[in-house]
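Think of it as A, B, C, D and E in the order they're written, each chain with its own count starting at 1.
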Amino acid sequence: MSHTRLYRHGVLEAEGFPVADVSDHVSDPACAIWFDLCAPSPADLAVISEELGLHKLAIEDVLHDRQRPKLDVYDSHLFLTVYGEQFDSGTGQLTSTEINVFITRNALVTVRENDRFDIQEVIRRWDASRDLAKHGVSFLLHGLLDVVVDGHFEIIQALDDQIEALEGELFDEQPSRELQRHTFALRKSLVQFRRGVLPMREVINSLMRRDLHVVEAAMAPYYQDVYDHVLRVAEWTDSLRDLVSNIRETHLSQQGYRLNAIMKKLTSWAAIIAVPTMITGFYGQNVPYPGSEQPIGFWTSAIVIVTASVGLYVAFRKRDWL
Amino acid sequence: MSHTRLYRHGVLEAEGFPVADVSDHVSDPACAIWFDLCAPSPADLAVISEELGLHKLAIEDVLHDRQRPKLDVYDSHLFLTVYGEQFDSGTGQLTSTEINVFITRNALVTVRENDRFDIQEVIRRWDASRDLAKHGVSFLLHGLLDVVVDGHFEIIQALDDQIEALEGELFDEQPSRELQRHTFALRKSLVQFRRGVLPMREVINSLMRRDLHVVEAAMAPYYQDVYDHVLRVAEWTDSLRDLVSNIRETHLSQQGYRLNAIMKKLTSWAAIIAVPTMITGFYGQNVPYPGSEQPIGFWTSAIVIVTASVGLYVAFRKRDWL
Amino acid sequence: MSHTRLYRHGVLEAEGFPVADVSDHVSDPACAIWFDLCAPSPADLAVISEELGLHKLAIEDVLHDRQRPKLDVYDSHLFLTVYGEQFDSGTGQLTSTEINVFITRNALVTVRENDRFDIQEVIRRWDASRDLAKHGVSFLLHGLLDVVVDGHFEIIQALDDQIEALEGELFDEQPSRELQRHTFALRKSLVQFRRGVLPMREVINSLMRRDLHVVEAAMAPYYQDVYDHVLRVAEWTDSLRDLVSNIRETHLSQQGYRLNAIMKKLTSWAAIIAVPTMITGFYGQNVPYPGSEQPIGFWTSAIVIVTASVGLYVAFRKRDWL
Amino acid sequence: MSHTRLYRHGVLEAEGFPVADVSDHVSDPACAIWFDLCAPSPADLAVISEELGLHKLAIEDVLHDRQRPKLDVYDSHLFLTVYGEQFDSGTGQLTSTEINVFITRNALVTVRENDRFDIQEVIRRWDASRDLAKHGVSFLLHGLLDVVVDGHFEIIQALDDQIEALEGELFDEQPSRELQRHTFALRKSLVQFRRGVLPMREVINSLMRRDLHVVEAAMAPYYQDVYDHVLRVAEWTDSLRDLVSNIRETHLSQQGYRLNAIMKKLTSWAAIIAVPTMITGFYGQNVPYPGSEQPIGFWTSAIVIVTASVGLYVAFRKRDWL
Amino acid sequence: MSHTRLYRHGVLEAEGFPVADVSDHVSDPACAIWFDLCAPSPADLAVISEELGLHKLAIEDVLHDRQRPKLDVYDSHLFLTVYGEQFDSGTGQLTSTEINVFITRNALVTVRENDRFDIQEVIRRWDASRDLAKHGVSFLLHGLLDVVVDGHFEIIQALDDQIEALEGELFDEQPSRELQRHTFALRKSLVQFRRGVLPMREVINSLMRRDLHVVEAAMAPYYQDVYDHVLRVAEWTDSLRDLVSNIRETHLSQQGYRLNAIMKKLTSWAAIIAVPTMITGFYGQNVPYPGSEQPIGFWTSAIVIVTASVGLYVAFRKRDWL
């Protein structure tokens, strides 16, 4: 299903009309048009491309998915690729949805790879700030970017929460293997997320360049605001990397600690069991040792065993090995 | 509770008056006005915003907390976000208080998220350097930034002290699990602190740019001084990261050392116990071995056991395994 | 075998003619000529060099293989070195093929080290976009670079797949030594790949510089497209480094986990076996202990043994050591 | 004790005169004056400040110690902070001495935190190159910086020697705990040293900027020389970090090696002792096994024990476990 | 022994004449003179310095060895320091030879610290490209730099070969301690090599700057060629660091793997020996257990022992612990 909208002089005039009806308005500078295509066929793209005079290369890029936000400048239009991100807290898996955007002087075309990105939220945001609609494409594009970047914020918040949860597990007495799996999945998601988010800084920055004439002066603070958010997401991502390293390295150091603790216990108990065994071995010899076959032998043996065991136990306790 | 101050020609004329009284002076270039709002409601902000003509986006930013110092430039005013930091040495926890600042030509509005940041200290500092008060907003802003950055210095000093304390524990004979917890908490606080402090360099640097006309020429050295402090905090933070790594890695290496020492002890004692056990086993066989059922058997056994045990003990001692 | 092509006014006029025939067209601005030499002898190069007036140093560089993409600017021509990469998924080995390119105003000479790089693919791509052929050398060079960079994409995709496969192995119950070998080989290939790919950014960027007059205006978007791909490959390579680190470090942490698990099992079973041994030792002494030589002794012994063993087993189970 | 010197037209005219006598010459462009204050009281500083018209902020900075080389530019003078470093090879401890320098057109004021920095060496160096004295303050400042930076060179040399010594210990058969302590102390000193040395690059570079008019043209090569030294110290410091990492990581890897060696020995000897114990256990059963109570039993037992022990010993030797 | 050469109008006119004869030609712009001094005394340097008017500071730098390539610009001449490197594959040791170069308008003076750097190779290279000799000092300097940088290439190739050799050892069944020593030595050599090689980029780049007038236009591609080589050496050095890390970390991970394997074997065999010991202990009790003193006892015992041992062996095999 495709969405369409037509603004004239900042007022929403039509909505949901077929793409073909667009040709009348596309050259009217008072209009701002938006089309949205979801998982379009090459044929669909060809229609749009024809209508708006889009560059062959940009169309090709829509059909290939190569995972990096970018802004390409063509003579008659811009071509923007951004990524909407979704995070599944259960599995720790991150999925990206490519959104390709064609920006002409008075049209914005969004091409979504699939319907995982919530385009309704973009529409809601446009409707919430109707007073800015007079800024045309500049306004439409801002609404889209705002939703995308806010989405990134939500992800980074979710990742941060997961890290908090891992921290909770970290000092549990019982080391769980799950901790490793979670840390692994989290780091992987962070790497993926960085790839989709870091180049956004450059993309938004380029968009704001005067000579592209995309951003109208009155919209500049709004784009600056988006840019600030992008910067924060980037910095936060870096912080999370540090925090995950912190968890991972502390975990390693805890394993070392636990190993040492286990080894000390093992040594201690081994000694406490081995010493009586040695003594009974002595009293089990078939030679006439002092006390052999006599009650005094039993009492000596019993006393030595008990004394040695208790002595060792106390000694180990004192050294905190038990 | 909100604070207000009115300076005219560098002299404190009024204090503690209601925000509404401000409108008379807000357009008088001889005046410098300061309001402080602590955890204001949206309504409070709306009043101020109206009075001073603040941008909608800046007001929205006050209401969202997104943890990154920044400076936004709007047509009629600047919007600054900085963070006051508090550190609890006991728990090793760092808490940040967002301070939003609106800077117009002759008014400074500070909006604190909560009352953890000590605004009285700012007032004291203003009163301590009355001679600079004639520089208006430029003077007021300096006082605020000076207190914020001095606060960062105190935190970094406290973190440094904690690291010194960790170093003390590091070479203790008894490895304590607390060392891991402390190192973990410290690293986490450092990551958080960096996030609130590093962008300050850029923020202060931007403030000092000539074309913003915020900093009057005579105040320039004072801002330079704040900037120097910010640089030192940033460099010191990086040093602390290195020092914490040093502790962490030395700790790991110590665990390895201890494990080796334990293993050597374990091996040695195991041998010293197992050899006599083996010998008594021999003398416990129900076969006519030389000396079985005869005193000579007992003496041979006893001598072999003692010789072997002492010999092993001496040998291990020499190799420094015991 | 060498390939040749002659375009006049953007139309393919001749193909497969001998290199010597070229001199007639080499100074005709309406022509665009391509020669391809595979593993040429110094004599072959001397002929070409004479024909096109190539610099001695560039010719020398063809004969030495020093593994770094670069662009050298000479007065009358450019000298470009790029690398075609092949990856063998089985052995995890990466092999590079050096491709040297001389670029004059209307001739492109490609010199391949060996025939591992698929030059037919370049020809296919040229034929697929005949409409651009009028842009001469600029068009020819684009076709070549496009194939080279697409090759890099395939490699990085293959490396990514290998990493996915490693991840699968990572949480297998049975730690396999192969995981280490694979991780090792993969990291090595990544280092090698980076060396051949990262300088490509600079090379393509230099090619696009206006003052070199290599790229005709109409071809600019196509070179921009190649440049974007190069950037993505570079960023993706960095992501893969991170992912491999993730695997490597998780693997290390798993070894620690397994070691701890083994040690706990060892300790537990050692105790469960050692305690009955100690008891039977007691009942094997040749002294009149209570119950010696009497059925009650057997029963006591048996009950103590079973009780102790079962008790220990249950205790260890509870603490999750078994 | 304070030092003073007065040069007129490049000739040393007076020395050791009281600070108060200075006012006569301070405005004479033919003079170059030097004062040195060691650990001055605020009152002492006030006198100097008055005399030379120094900025309040610079004076405050003298009284606070915040550990970072820097250069502040005031209208009438410069304020420079550098650090003299001392290294105690015994304890591995590094101590820094802050040296504050005020630079006016014809006066140089050095303020030392304490007398650990050898000011006599600076005087010696001035006297050794009298021919340059005509360059006034530019000459005086160079002498000071030269001594400071040469001091840094000595420290880095001393640190390098310590690293060499550590390397010697590294492959000792007997792992010493001291190695850890030394590595720890060395890394800590390196971190501290970096903090005092790295910003020197920027400081010297700023001093050499034309528009400050500090460095006379004829002195430029001398400052360039100091700058080169600073660069080398910085690079050397980074190399040392790498070398210390090398030691630390090799040490860790050696611990792993030793642990494996110990474990193999432990396993081998445990087996060699446990097998005979098992055999004697068999022959100690109170059941009529073949050879029980008969000489043949003893001989069988003895032969089996010796064969098993020797066989195991030989087998372990072959596999290099013993 | 010192070398000298005199070129006039690009033709070698004299060779091996005494340094003192030089004064006649030193001001003749048609001449290009080369002197070489090996380990000169301060007196030797004074002569040269007088003759050519060299700066005192540059002369001092010759006498101090501070290990960093650099280019100093003086009014009448340039002063260049580069390092010739030698690598001993046997010991893995790297030794550097400082080469100081004075460059005036028509003289090149090379001062070698010792005779380890092969100056004959430089002479050979000059003689091999006589046609360029007309470019005077520019030509002479290129010959020298070319030999120095080619030397670096050989070292990096040798280091690369050593790394290949280490890789071979890495997956050997028998972990050898030598691997650690080699890795350690290799990393140390790499650190040292970097220090001598990385600043070369900046040095060569500065030499090529137009305003120094060192490099004649016709020689520019030759210097560019040297510069490319320097860049490749630098990048290769970085790759080698990565490869050594790869080896080091894989080695660590292998130690962990081996430790786990040893522990599992230890556990398995300990169990297989301990269980029969426990059973014979049972049958060695001096109590009337079922079968005591009867053949049935022996058979039961024998069967239980064999069954338990074989059962355990099979079980451990299945779990791949043996």
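Basically, a residue touches a chain if its C-beta (ideal position, glycine included) is under 8 Å from a C-beta of that chain, and two chains touch if they have at least 3 such contacts.
Since the structure is predicted, the reported quantities are computational estimates derived from the model, not experimental observations.
Trainee: Could you run down the chains that neighbour chain A and chain E together?
Mentor: C
Trainee: Over half shared or under half: which fits the residue numbers at the contact of copies chain A and chain C, same or different?
Mentor: different
Trainee: For chain D and chain E, what's the span in angstrom between their mean Cα positions?
Mentor: Roughly 25 Å separates the two chain centres.
Trainee: I'd like to verify one number: the distance from the centre of chain C to the centre of chain D, where each centre is the average of its C-alpha atoms, in whole angstrom.
Mentor: Computed from C-alpha means, the inter-chain centre distance equals 40 Å.
Trainee: Would you please write down the residue numbers of chain E that are in contact with two or more other chains?
Mentor: 252, 256, 259, 263, 266, 270, 274, 277, 281, 284-286
Trainee: Touch graph across the chains, line, ring, star, complete or other?
Mentor: Drawn as a graph, the chains make one closed cycle, so a ring.
Trainee: Chain sequence round the ring, chain A first and chain B second?
Mentor: If we begin at chain A and move toward chain B, the chains come in the order A, B, D, E, C.
Trainee: Mind listing the chain C positions that touch chain A in their complex?
Mentor: Residues in contact with chain A: 153, 167, 170-171, 221-222, 224-225, 228-229, 231-232, 235-236, 239, 242-243, 246, 249-250, 252-254, 256-257, 259-260, 263-264, 266-267, 270-271, 274-275, 277-278, 281-282, 284-289, 320.
Trainee: Sort out for me which residues of chain B touch chain A in the complex.
Mentor: That would be residues 55, 57, 61, 66-68, 70, 72-74, 174-175, 177, 180-181, 183-184, 187-188, 191-192, 194-195, 199, 248, 251-252, 255-256, 258-259, 262-263, 265-266, 269-270, 273-274, 276-277, 280-281, 283-286, 291-295, 297-298, 301-302, 305 of chain B.
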